[in-house]
Every structure is written in structure tokens, then in C-alpha cells.
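Before anything else, here is the set of structures, which you'll find just below.
Next, two complexes with chain A in common: one pairs it with chain B, the other with chain C.
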Partner chain A sequence: MISFLIKRLLWTAATMWVVFTATFFLMRAVPGGPFDGERKLDPEIKRNIEARYGTNDDLDVQYFRELGRAVRGDLGPSYKLADFTVNEIIAQGFPISASLGTLALCFALGLGIPTGILAAVWRGRGLDYGPMTVATIGMALPEFFVAPLAVILFVFLWPLFPAAGWGSWDQLILPSVCLGLPFAAYIARLTRTGMLEVLSQDYIRTAYAKGLTPTDVVLRHAVKGALLPVVSFLGPATAGILTGSLIEESIFAIPGLGIHFVQSAQQRDYTLAMGLVLLYFLLLSVMNLVVDLLYKLLDPRVKIDS
Partner chain B sequence: MANPLLQVENLTVEFRTDDGVVRAVNDVSFHVEAGETLGVAGESGSGKSVTNLAMLRLIPTPPGRIVGGRALFKGEDLLTMTSERLRKIRGRHIAMIFQDPMTSLNPLMTVADQLTEVTRLHLGHTAKQARDHAVTMLERVGIPAAARRVNDYPHQFSGGMRQRVMIAMALSCKPEVLIADEPTTALDVTIQAQILELIRELQEQQGTAVILITHDLGVMANSCRRVAVMYAGRIVEEAPVDALFYHPRHPYTLGLLNSRPKLEADGSSKLQPIAGQPPNLADLPAGCAFHPRCPFAIERCRTERPLLRPAPTGNLFACHVDVTTAVPHLPQAAEVRT
Partner chain C sequence: MPAAVRKFLPWLFPAALVGAAAWALSIGTLPPAEFTFCNATEIKSVDPHRINGQPEGRIVEALFEPLLRRHPETLQPIPGMAERWEVSQDLKTYTFHIRRDALWSDDTPLTAEDFYYSFRRFLLPATGGEYTTLFFAVKNSEKYTKRLLKEGDPVEVELPKPARSVDGIRGEILTGKLLKIEGKEPEADEQGASSDDRRVFVVEIDGRSRRFTTSSDVSGAELCQTVLFDFREVGVRLVDRHTLQLVLENPTPYFLDVVSFYPLAPVQRACVERHGYPNWTKPENIVSNGAYRLQFRRIRDRIRLVKSDTYWNRANVKLNTIDALAAENITTMLNLYLTGKADWVTDLPPSVKPELRRTRPKEYDPTPQLSVYFYRVNVTRKPLDDVRVRRALSMALNRKEIIEAGPRAGEVPALSLVPEGIAGYTPANGDAENIAEAKRLLAEAGYAEGRGFPRIEILYNSHDVHRAIAEVIQSQWKRHLGITVGLVNQEWGVFNSTTRKLEYDVSRAGWIGDYNDPTTFLDLLISNNENNQTGWKDAKYDELMTAASREIDPAKRFQLLHDAEQRLVEQLPVIPMYHYVSKEMVRTYVKGLYSNIREEHPLWAVSIDPEEKARVFAAEGLR
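Coming up: the complex of A and B.
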């Protein structure tokens, strides 16, 4: 177990270095730089700015400087958001995106898993087709459709929630539900598929032959196995949902990280883009580790030491 | 024979398939008395498993459907009683073990959890009692270091050991009837004998009646008192075990006996397989379902289905022909095949 964790840690570090390197050179391979704008800067001013941020140095000098900084956990100053370091931007936005994401995820799990289980148990009946049709539609509808629709319904027609903003609990509900809905739909479908697979197993017949009630058979014998596909989906999904959504955060005016992912790349904010990529990758690695450990917990046949 | 422990009457089970409605079990009747062993033999698809699953309403519905018949356990019809009542009988009074111990045990639960849930459910054991009972049962089925192994998961046991666990689980509430559906088919030959011996031992200790479903006639000969032979969803012959082996009356039984490998001193005897294939249940031949493969078939077999009739040796058989005197010819199926 310990050796497994150490091995994983080393792998993550190595992969992180690869990600760092690829991001560094890819960003700079794209035409344009952080200080090119529509209005040409005075050459003197531009030279001063570049000297300050060191973007005029040779690439290898920049690479090793930034790598050295990143290893110490300092992601440097943002090139576009003056007076902010990347660490500060992440420290401000990430908790917001992460709490929104966590809520959305709880909502998605709480809705998706029971729906999937019930749909599988009532396979081929109205209680299967109904929710599964909704789930398919829910997966197909884009966020920029669902979120405004929710605003029209629950802000204007039936004013339950405030339209936007961040700070009080009632502002959390609409965005997290909108963010979680497609995940709920996907989780419901995964759970249903997993459940149907498990319910056709011989050991389910054994469980019935023992005289267990259908409820006991489903809850004690079937659910655990049915959740395995959901767990593997949750790893990458969690990393994605915690780092925020551009659309959701724009529509509901939430000061999260989502917007920075897009803007930093568009504006060639090298350091901020790098910081976000590394953050996302770190989360992904951690979540994948959690998934592996959960797998081990759910399925005793899984060996993680190899 | 006034009050058999378990009496199945005219059981008929259908399955809806892409080829139409298939009658997997057709008007099957048999009975089991306390403590005895009934063998049910037949090829794959002859309906022997479905008969027994249907009795406990364990076939998936849909596509399956019990069309008719009764299954009386101590006078109560298993097919019409409430689900609650049936659940009190499943696992408590009638228990089952299945063919493949690899897939019949839940891989995600410890053996202890799977064993204790039956006794806690039916015998009202506390957690402690159930656990002790589980260990006792594992010891009785011959699992070494049972007190420690009870915490293991099924994948940590070998195939034979897993079937022992299944048996321990099935017998832990001392059921009156044990249905063993090909309990040794998935196991090594050496393990097979041990498992059968174990079932017999426990049967004697607890007075359990056993329905042993198998296609292995050797197993039958050793363990059963009576044998029912099924073909295409019907019982075609039922007889005391000796009568069946020494005086088979149905050509299909005869075919099964002839298609077993024999040890002859000169090594000359060749296997005589039954010609043709088992019939498609969705499209059964008219008359006797076996007639296209039957070396004794006469004109009457093509049109008229034979009913079960008694023979002086104690057999019940469904055939128009007296195989003890008739002369075999090449069956229709064999002509077509060659």
C-alpha cells in the first residue's frame, strides 16, 4: 500500500513535469504574446514591460526559471492581471469554483444514482423510460440553454432564487443544479447500465433463492457492483467540475476559475494558463488515485499493489 | 405416496423469444419424498433447470411465464402463494445450489456476510450466533481453518471450496429440500466425487430431500433413488434408479446410456451417440418430439404423442414402442445428416 502510494506520487511528479514542458512550449509556439494588443505599444514601454517579466530572455532561460519557480510552488505573476500573482488568482477563484462544483456533484450523485437504480429495477416500464428519456435529453442540452431557461423559470416566472451573484446560500442553488444536471443524467445512465449488468448475474439469482426481499437483493447484493462504472467516471468528472465552468460562471456572474481557463489562453497569459493547467492536472491525478482506492474498497478482487 | 413432501403437477413454463413462444417445460409432474434423492437427467435445454427454477418462481418474468400447473410443498402451492410466504420458504425450507460456484457467490461480499444473511433472515440469529453458525457450517463442509476463512471473499477460494461454501450456505437453515442444479459440472472430476459424497453425508445427517439435476448418468447411478429423464421440456421416463439403468424403456434413455463411454476389456466398444440435434423448442416435431432421432420410431410416432405408461419393472415411460422387443433402424435424423 505504502509502496503503491509512493510509486503513484513519483509518477504524478514525472507526468507533471511533462505537462509543464508541453504547456510551456505549446503556449509560446502560438503566435502573439501577452503584451501584443490591438493598439501597438510604444517600443520603449514594451521593452520595459518585457524586461520586467523576463519574456525577452532566451526560451531555455525562461523555461528553467519558471520550472524552478513552479517546483517551489510559486507560479509567478499574471501577465495580464496586473498586481496579481497566479497563486492569488487561484486562491481566490478555486474555492468558489470548488464549492459550486462540490454542490453540483452532490446534487448529481443524489439524483443520478437513485434514478439509475430505480430505472434498472423497473426496466422496461414507465418508471424506466420516463426518467431515462429525461436523462438523455438532459445530457444533450447544452449548459447555455439550460441555465438561461432555469433563470427564466425560477427567477422571473416563479421568483424563487436570485438571478446571479455569489455570497449567500440561495445564490448557490440555481447554478449548482444547472451545473450538476448533465452529470446527474450521465450518472443515472451509468448506474442503470451497471445495475442491469449486475442484476443478470448468477449471484443475484442465488440471493433471491436465499429468500431475500427484492429491496435487500438490490441494496445488499447489487448496488455495490453497479457503482463501479460510476466511480471510474467520477474521477475525471470531479476534476472537471471542481475547476469551474466558463458558461455557468458567466451566466450567474460567479467569480470562479472557469473564465480564466479561456481568457488566459486567449490573452497569452502564459503564467496563469500554466497555473491552471497544473492545477487541473494535479486534481485529476488526485481524483484518479481516489478512484483507484475506492475501487479497491468496493471490489476486493482489485489488486492495487502491482 | 399419500402426501409427498414436494409434488409438482402439470407444470408448464413458456418463454417469449425472438422465434416465438417457447415451451421450455411442458406438463411436467413429479414428486419428492422426505429424505430421498430424485435425479433429473437430460440434455442442455431439456428443461431440467427451468423446471426447478420455476418451482421457486426464480425464472425471470418476462420473458418467462408459468402457464399452468401446481407445485405443492407440504400441500401449499408455491406457484400461487404470496411473495412474502414464498420468501419464507426459499432458503429456509427449499434451498438451491447452482452449477457454477464461480458466479453464484457474490464476489463483492465476504463469505461470512453471505452465509450469515440467510440465518439472520430465517432463523432470527443475532450477528454473533449467525457468525458462529457460519463457521460451524464451513467446518461441516470440510473447509480448513473455517474460523479464519469465513472472512475471505469468494475469489480467495478454489472452485471446489467455493461449491462447498455454496453447500454450507444452502444447508445452513436445514432445509427439507435441496435442489442441486448440476452441482459438479464446473468442477474437476476428483472434486466432483467429494462434493457428491458431501451432499450425501449432509443429506443423511439432516434428512434432506435432494433433487439432483445433472446430465451425468454416472452421478445419477451413484446418488439417486429415482430418476426422471427429460426431453424437450417433458419427462419421457421416470424410474427407480436400477430399473432405469438395467431396463430402460424409452429410446432416449437407452440412447443416453449407450452414449456413455464404457470400459471394455478389449477397448473395442465405440461410443454410440444419439443421432441428430436436440430439437428447436420453438418448432417441435409433431407427435413424439424424439421421433426424428429415434431408431425405433414407427409411423404412429410422427402423429401421436405417447403418454406416460407404466412398465412391470416400475418405470413410467412415454413411448409407443416396446424397446425390449423392437428392432432398431437408422433414425430419420441420421439419414438426413449423412
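Coming up: the complex of A and C.
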């Protein structure tokens, strides 16, 4: 177990270094730079600005300087939000994106898993087709359609919730539900598939043979096995959802990290983009590790040391 | 053991739910500010010397006050930190008298020395000011900022800074005469990166010749931070504690406009040098001199401003708190406005503009702006190097149709680069739509009915409105001239770089006037201007522009500028499309926010009429 964790840690470090290097050079290979606005700066003035940020040093000098800084956990100053460091931007934005993401995930799990179980148990009947049709549609509808629709319905036609913002309980509901819906749909389908497979296994027949009630069989024996595909989906999904959603954050004016992801790339904010990519990969690695550990807990047949 | 963990698992989800909700709620809600507006983006900085955008300007103008302010309705310069000023006979020396009761927000007096320090900091190359070009009307300031040095010049040498000093502290400064520069100026490559400056500056200081270099690789010279033109020779003069003089290179009729512009606001030396950049801009450290103070900044959420109790004119500042929201989504901005959470929005979705004009005429009333939407033409490429082709392209356009398809807010068709609205100036008169003449010119250039005309491309940055406009132009040129035009869209950063390198045929552009004078537009097309980006170099145009910059008589000067613009619209290195109209919408209960030609609204003038607000909220069922 310990050697497994150490091995994973080393792999994570190596992956992060590869990601850092690829991001560093790819970003600088794209035409345009952080100081190319519509209003072109006088070359001498531009040189002054670049000297401030050290972007006129040779690329290898920049690379090792930034790598050294990143290893120490300092992501440097942001180019576009010049009053802040990348660490400050992440410290302010990540808790907001992460809390929105967690609420959305809880909603998705709370709706998706029971729906999937019910659909599998009542396979081939109305309670299967109805929710599964809704789930298929839910997965197909893009966020930029669902969120504005929700605003029209629940902000203007039936004014239950505020149009935008983050911080009070009524501001949490619409964005969390809109962000969670497609995940709920996907989880419902995964749960149903997993459940159907488990229900046909020998040990379930044995459980019935022992005389257990259907409720006991489903909840105590089948669900654990049926959740394995959901758990492996949750790893990368959690990393994605915690680092923010561009569309929900933009439509509901939530000051999370999602918008930074897109804008830092568009505006060539090299340091901010790098910080976000590293954060995402770190989360992804951690989540995949958690998934592997959960597998062991849910399914005794899995051995992680091997 | 795993069994216990397994039992615990189902409880993980409700725990996460409660935890996340508590976490989200812990940010807490704030009591709303008295006045809330959508600033449309998270601003780059609150340091007045380092910014150049309109959203930044709105905040910085509230925090810092230059020598002069602008009248909220006419935008004419009015007294600010300077209570009065005089201009010399030759229109080259401006003397400003700073008010005795001027205070910083830490209650210390603000004097002429603060402005002297601030102008120097603004111009200092290391500050990286983006708007310094505006200050170049002041004598020798360009030499200082751009490090233009020649032998015999008075110079200042900044010695290395003390170790671990904050960004804002300068090293010891020596002054002397530049005797010689050894070595070559470094060449900047395409990316703007420059190789090391390995020059050696030989400077005579106190009768002794000393050698300085900024490169640690060069031996046989003292290491220094930088060598600049001597600031004492720049036209900024400290007369006494309350009097400051600015001496200009040429008479500059719009100079007071420049003086009232936010990059010329002062910052406090003690604050900057104690905390350094960017820490001095933090709400807990910042010292400012404007009508408002910075209470807090939440990234991508809002900036909260509170009324300053040290501001000289505080008796006339009506609002106690102001929120500037950073929301960027224009539909969200509109939603906030319609639900009563924002009182002023600075932009609107184009699709709803026609309806808003009909349903809310008092709140949304677009008026012409000091700005222009135009196409750059790359005159270094065939067949666009032929002026007849450029004129044919312009004459084949129906600008009304372009506006109806694109921005749709009653924009004004443009046949000149400079819009109406600058008192005393008559914009040039370009060729209006004339399809027969356009066809004739194209035939004369050798492309009758478009035969043999190579395929050209319109380049624009990815945006719905730009695409809609480009599509209409594409079809108009096809229909009227029989030429085939392709459309290329590029993401903003790439687009700017492509345009700059002249790797386009026709490229979309917009320009917003910085000050109330035709030169804010016409300077663009001077041969060596960085923003020319068309490859057009015209000796006659440059000559007229130079003559205008030396002319003292305002009427004659405007005539010269008009002639230059006439030359421009006949040569058409740029094809004007339309002049923008204002994009903002504001509630009727907001007072002191007048429509003007730059959508500039000093926040010290804004107030709320509570009775009107109660009436509007009741009528619309808002809380």
C-alpha cells in the first residue's frame, strides 16, 4: 500500500513536469503575446514592459526560472490582472468553483444514482423508459441552452431566484442544478448499466436464495458493485467540475476559476494559464488516486498492490 | 477495518453537500452599494500609470484625481487638484496652482512635489506606462521614456538598487554629460524580444569620466540600472510647494484634455516605496487622492468604492458606496439591470438593442461617439496598392445595410475617419456609395466586371458582429463589383499579430478617441506610427500633419488637419464604415450621468434620486 502510494506520487511529479514543459512551449509557440493589444505599443515602451516581466530573456532562461518558481509553489504574477499573483487568483477563485462543483456533484449523485437503480430494477417498464429518455435528452442539451432557459423560467417568468451572483443560499441553487444536470443524466445511465450487469451475477442469485428481500439484495449487495463504473467516471469528472465551468460562471456571474481558464489562454496570460493547467492536472491525479482506493473499498476482488 | 470505512462511505455525500453549501455561504452576502454598475471586465490594475482601458479608467478616475477633472456633461477640463492655471503667450508653458487643502487619503498634504514624482514615475521606462505617448507633448519627455540618447546629452545614471528592495524603489542617481556610447543598440526581433544591451555609456560626472553598462557580462565598466536622459531637462518644473509648470515641445491645443486624463493622476511616493508594486495597490495599503477610496476587490466579482473623507470636494460627493461589477457576459449584465441589481450597464447584447430602444427610450438612448469602425487595407499587396481599386471597394459599400446587419443600434455611416462632435472641426468628405463609378474605377484599374481580380480575404477577430459585417461586405463586393472575397476569422491575439505583420488583405479595426481632437484619429496614419499597420506611407499626409502640429492658430490648424484627412479619404489606406453610438443603458433615477461623446462619467458627479427609484421599483415589481 505504502509503496503503491510512493510510486503514484513519483508518477504524478513526472507527469506534472511533462505538463509544465509542454504547456510552457506550446503557449509561446502560438502567435501573439501578452502585450499585443489592439493599440500597438511603441517598441521601446513594449520593451520596457517586457523587461518588467522578464519575457525578453532567452526562452531557456525563462523556462528554468519559471520551473524553479513553480517547484517552490510560486506561480508568479499574472500578466493581465497585474495587481495580483496567480496564487492570489487561485486562492480567491478555487474555493468558489470548488464549492459550486461539489454542490453540483452532490445534486448529480443524489438524482442520478437512485434514478439509475430504479430504472434497472424496473427494467423494460415505464419507470425505466421515462427517466432514461429524460437522461438521454439531459446529456444532449448543452449548458449554454439549459442555463439561459433556467434564467428565463425561474428568474423572469416565475421570479424565485436572483439572476446572478454568489454568496447567499438562493444564489447557489440555479447554477448548481444547471451544472449538475448533465452529470446526473450520465450517472443515471452508468448506474443502470452497472446495476443490470450485477443483477445477473451468481452472488445475487445466491442472496435471493438465502431468502433476502429484494430491497436488501439491491441495497446491500448489488449497489456496491453497480457503482464501480460511476466511481471511475467520478475521478476525472470531479477534477473537471471543481476547477470551474466557463458557461455557468459566466451566465451566473460567479467569480470562480472557469472564466480564467479560457481568458488566460486567449489573452496569452502565460503565468495564469500555466497555474490553472497545473492545478487541473494535480486535481486529476489526486482524484484518480482516490478512485483507485475507492475501488478497493467497494470491490474486495480488486488488489491495488498488484 | 475496511468494513468500517465502507459503512462510513454513504455518509460522505451528505457531508460533502453540507460542507460545500457552508463553504459557499461563508463568503457571505454584502449589503448592496448605493450605486451599482457593470464594469464589464476585471480590470488590469488600479495603478494609474500602468493602464490604458476604459473599465480601468472608470475605477482609477474615482480613486485618483489629476491636476484637472472633466466636466461630466461637456468633458471640458475643469479645476481638480489644481484650483487654477495659466497658459503663456506662446502656448507652450502651463502653470498649475495646486489647492492648499489638497489631501491624500492618509491625511497628509498633497503638493506639487507629488505631481513631480508621479510624472517622473509615469515616464520612467521601468514603470512600463502604456499611455506615455500622450505625455510626449511635454518637452524632452519622449527622450526620457524611449531612452533616446546621443553624445553630449545630459543624462542620469541610476546605480544598482539595494538588494531585496521592493519594485518602486530606485537606485542612487548620478547626473552628468554623455560623452560617448560604445557598441550598438540591440535589435529587437519579430517577437519583440531583444538581445542583451551590451553598450557602454561613457559619462562625465563631476569632471571625471566614468564608464557604465547595464549588462553584467561586460567587463571594464561599472554596472548600473539604467542610463536615461536627465529628467531635470524634461519640461516638468517644480516652481514651489504648490506650483508646477509643464513646458511643451509644440503648442498643443488639446493639452488640458491630456492633463485631465487619468494616467496623469498622482500616486503617493511614500506608499509606493514602502510597499512596492503590486502590493501598494492592495486595499489595506493604497493611498489615493480622489473622491473615493478602495474598500475591497474580489477578483472577477466586484470592486467596492467608499466615499473619501479627505477629498477636497467631499461636500459635493453624493454617493457613499459604489460597486463596480466585473461580470463580462452582456446578457448577464442585462439580467442584473432588469432585476434591479445594477443601475448602469456599459454594454448590451446587439440583438435586444432595437427592442430596448422602443421599450426603454429614456434609459437607452444611443448617441454618436468619438470613435470609428473601419477596415484597414494592406496597400503593399496587389491589387490593393492601386488607389482606384481602394476607392472602388469603398464606393461599392452600402453602409446603412452594413449597420442594419451588424451593430443595429442606429450607428452613423462614416465617410471620414474623424467623427462629428469636435467643436470647430469639419470632418473630411469621402466618396459616398456610387456603384457606377466604382465599376468604372475598377475597369480602369484593369479589372472590368471583376475579371482577373485575385481573390482577397477579409480578416476579422472572432465575434458575431464582426462576422455579420464582413458577410454583408463580402456580398456587396460580389454583387456590385463581381469580385470574390473570402472571410478569415482569428482569435484576438493571433488577429492582432497578423494585422501587425501585414499578413492580411483587408482587416477590421476600431478606434476610440482618447481626447477631443482630430489628431487622436489622424495620428494613426502617419508613416511611422505603430498603429498605421497598412503599409501606407504618404509624404504629403505626413507634411500636413507636421505643419498642423506646429501651427498656433486653432482655425488654421484645423484647416491643415482637415486637408490631411481629405488626403486620407482620397487615398483610402483605411475604409471608414461607421461611427459608433453609445452602448450604455442607465436607470432614470440615476442623476449626474449625462450622455456625452466618450461615454465617460466621472463618478463624483453621480447621485441617486430615492423617490424616483422607489417609483421605478414599484412599477416594475422589483425588490
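Worth a mention:
The rule is short, and it goes like this: the second predicted complex is superposed on the first by the 306 of 306 C-alpha atoms of A that agree within 3 Å, B and C clash if a C-alpha of one lies under 4 Å from a C-alpha of the other, contacts with A are read in each partner's own complex, and residues count from 1 in each chain.
Keep this in mind: a residue touches a chain if its C-beta (ideal position, glycine included) is under 8 Å from a C-beta of that chain, and two chains touch if they have at least 3 such contacts.
Computed from a prediction, not measured in an experiment: that's the story for all the values here.
Placing chain B and chain C on a common chain A by superposition gives a fit, with no clash between them. Look at A:F84: by the touch rule set out above, it reaches chain C but stays clear of chain B. In the superposed model, A:L212 lies in contact with chain B only, and not with chain C. Number of chain A residues touched is higher for C, counting chain B against chain C.
In the superposition on chain A, A:R220 makes contact with chain B only, not with chain C.
Once the two complexes are overlaid on the shared chain, A:I49 sits against chain C while remaining clear of chain B. Contacts of A:W166 after superposition on the shared chain: chain C is touched, whereas chain B is not.
Of the two partner chains, neither chain B nor chain C is touched by A:D60. In the composite built from the two structures, the nearest CA pair linking chain B and chain C is 10 Å apart. Touching of chain A by both chain B and chain C, each in its own complex, is seen for residues 224, 298, 300. Contact residues of chain C toward chain A in the complex are 2, 5-6, 9, 13-14, 16-17, 19-21, 23-25, 27-30, 42, 44-47, 50, 52, 125-130, 132-133, 145-147, 188, 191-194, 278, 281-282, 297-301, 325-329, 331-332, 335-336, 338-339, 341, 491-494, 496-498, 500, 509-510, 530-531, 533. Chain contact summary for the complex, chain A toward chain B: residues 201-203, 205-213, 216, 220-221, 224-225, 298-301.
In the complex of the two chains, the chain B residues touching chain A come out as 53, 56, 58, 87-92, 95-96, 98, 100, 103-110, 117-118, 121-122, 153, 155, 166, 169.
Per the touch definition, chain A reaches chain C in the complex via residues 30-33, 35-52, 55-58, 77, 80-85, 88-89, 92-93, 95-96, 98-100, 102-103, 105-106, 109-110, 148, 151, 155-156, 159, 162-169, 172, 224, 250-253, 255-256, 259-260, 266-268, 296-298, 300.
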